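Structure first, then comments.
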Amino acid sequence: MVYRDIKAECYQGNLLLPAYKLIDLTFGNVSVADHDRAVFAIKPSGVDYTSLMESDIVVVDFEGQIVDGTLRPSSDTSTHRRLYQAFTGVRSIVHTHSRNAVAFAQAGTGLPCLGTTHADYFYGEVPVTRSMTPEETGSDYEWETGNVIVERFQQLDPMQICAVLVRNHGPFVWGPNAAKAVENAYALEIAAEMALKTLQLNPHAQSISQALLDKHFLRKHGSDAYYGQAR
Amino acid sequence: MVYRDIKAECYQGNLLLPAYKLIDLTFGNVSVADHDRAVFAIKPSGVDYTSLMESDIVVVDFEGQIVDGTLRPSSDTSTHRRLYQAFTGVRSIVHTHSRNAVAFAQAGTGLPCLGTTHADYFYGEVPVTRSMTPEETGSDYEWETGNVIVERFQQLDPMQICAVLVRNHGPFVWGPNAAKAVENAYALEIAAEMALKTLQLNPHAQSISQALLDKHFLRKHGSDAYYGQAR
Amino acid sequence: MVYRDIKAECYQGNLLLPAYKLIDLTFGNVSVADHDRAVFAIKPSGVDYTSLMESDIVVVDFEGQIVDGTLRPSSDTSTHRRLYQAFTGVRSIVHTHSRNAVAFAQAGTGLPCLGTTHADYFYGEVPVTRSMTPEETGSDYEWETGNVIVERFQQLDPMQICAVLVRNHGPFVWGPNAAKAVENAYALEIAAEMALKTLQLNPHAQSISQALLDKHFLRKHGSDAYYGQAR
Amino acid sequence: MVYRDIKAECYQGNLLLPAYKLIDLTFGNVSVADHDRAVFAIKPSGVDYTSLMESDIVVVDFEGQIVDGTLRPSSDTSTHRRLYQAFTGVRSIVHTHSRNAVAFAQAGTGLPCLGTTHADYFYGEVPVTRSMTPEETGSDYEWETGNVIVERFQQLDPMQICAVLVRNHGPFVWGPNAAKAVENAYALEIAAEMALKTLQLNPHAQSISQALLDKHFLRKHGSDAYYGQAR
């Protein structure tokens, strides 16, 4: 019962994916980490959301060993594991194939920050990873997927840009807890839909000014935030 | 209890936003003014629509002081306040991030009047504001947002064009009461979706003739209106 | 009670519009004619679909006089009346502002027959009317709207192409009864969505061959039809 | 009662079409074959999904004779029959007019494999058939539709690419059972929507690498599959 908290949070987070209409079929998963114990809870592979039970959730340690649960963990488990190792401030990771975000991933372009909806959640462009080499794809694919994400964030702060588009694949998104990580995945999909429509109207649409980006991101995040109610 | 009427109307109006599917997450708000008392009721900041209660509604006076309620008002309160000062005929204001209207705001183009659906609600193009300067953005941002709207309407009649697109942000829409203001926000989103699709088919699509614009707007608005049932 | 049949059919037909999601707000109406009595039943103007009652339906004769009902008929009544006069084989007419069909009307292009979904319902391109003159718009506008439709069908058979796009406005669709007319309006909207997406992929997409058009239209319509169950 | 199993599976499969929102009106059908008996069960023609009953399902043998049921089988029956003859590993076939897949069929282009969502289901591009000749269209049209599909697969393995786009018409999709065939039809529609949006962002978007295609298809299919739970 030692993992009860992260299993429950992981289970509830996975149920949010169909509630937000972020998931088709079984494309997607949510994990929740306990950095002190160096473990994370994750959805089992290929299990339908309508039949998922909290007891199905698998717990894996940061070395990749299953420490709780009888089902196979998500096939994307090694990607989550790599990210938890590298992004020590991240407590929950969400992977979806949400359609508009995937379109940018397949187009091979980052998601530019074209408006305040985007800026309320992401402090600048959401980047796209480079193509993986045949060697990376052919060997430990899911781990290498994590590696190209980490590589892409060498000059970026994952606490300020909490999402990435894996090229030709789809988004990975994160946050301080499962509910917030899923909310970020939903905000990403909305921003992607808005950006797609914006670029249809104006292929030369420009990113917003640094001043506007600062204003919107920082009024919701950080020590000077004034959006919402006082805690 | 002196503000009971506008608080109730404001609450009901806010509930219409998810009913019309105009809202994602907490992006949006409705306010209702009492010009005689120089106050308006507005949604509290960052409160989810599913848990919003009528008693959560905040009342603010035209100088910006909270006169009723215990929660923080919407972060957009100063924008609403500026508009009520300038547009004395407006009793309710709605702000959304509805996706098609946002696309035009992010593209930096006004919403042209391409058909009668638009003309039934808006007497010509729905304008887009200019970009705000770093100074405007960095200082009293929400108040300055109101100022660029007012500036944009110097040559326009807010009683004839009851909406504006704030550049890189989204629509503000108004009306004589909350239900009508939300209906106008919904009509704007529909007109924007139709315009986006029209421009995909024909990038050179023209605005409708003045005669057709007059016909449709004036058969629903003004003293010669004949749409609907006699009052 | 002499008009009970067409009022009931008209009422049921109007309720199908929101069921098929063809209607936003109050944009649309269904009428049903009794050619023997030279009258038709039509939705009252501006009445919300959620509160519409069968007793609200108005009956108008082919000269435009109200013969039953206490409410104002639809503002589009004269258009329906003009079409019933000209298209003697038509028993029900539907007007909507369905979004994809409106996009073609606003783009000023007919809806080309790009596939068998279209050909199952419409025997060729669904035409768009010419722009109306300021004189036509300024005088008896709704009647003149009917006139430009009739003019557009001078070389077309309304029994084979049961829809038209009124330029900068939206579709009028018809059929042998209200249920079939609404089904045709729904098929038009689907065909328009498919055509819009097709033209995004291939701006030079061609209309289907005459052989394929004949095959699909005639397997569902006319004396040699073999689609569905024997009557 | 000898056909009870395939009739029940066919009935359940047809009900999945509206559940997945793959069907408008009566455009679509599911069949299930028993290759040992050389028969297949199929939806009756033109029957609405809301009133369809299991006893309505028709059973046809591979020579085209009805062996069970009192209704006319789907007008597409000969196409299904032709495919069961040619593709002996296929146990269920689904035909839909799902809107994004139809857009590619109408545009006359195959659906390129632009990402891993596609690669999880289809081992490369989903091909489009050639245009049918007037002779093919004018004679035994539905049988000839099957023939152009079979012709298109001369160099392709229907076990690896379980879908085709019939030009100017729409998709036929197949699988080892009805539930899986409908799931494949749904995956096709999702992949088509993603591809359409990708090509809007980047008309030169490239198909994924062979290594990535191999990785995703083969981790879900074949003897080395590791997606999902062990059987």
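We just call them A, B, C and D in the order they show up, numbering each chain from 1.
Following the convention adopted for this analysis, a contact is a pair of C-beta atoms (placed from the backbone, for glycine too) under 8 Å apart; a residue touches a chain by one contact, two chains touch by 3 or more.
Values in this document were obtained by computation on a predicted structure and should not be read as measured data.
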Rotation in the CA alignment of chain C with chain D, degrees, nearest 5: 90
Whole-Å gap separating chain A and chain B, where each centre is the average of the chain's CA atoms: 33
Approximate Å spacing (C-alpha centroids) for the pair chain B, chain D: 47
Residues of chain D engaged with two or more neighbouring chains: 200
Chain-level touch network, classified as line, ring, star, complete or other: ring
Chain A to chain B touching residues, read off their complex: 114-117, 120, 183, 186-187, 190, 193-195, 197-198, 200-202, 205-206, 208-212, 214-215, 219, 226-230
Interface residues, chain A side, partner chain D - complex: 24-25, 27, 44-47, 71-72, 75, 97, 99-100, 102-109, 131-134, 137-138, 141, 168-170, 196, 199-200
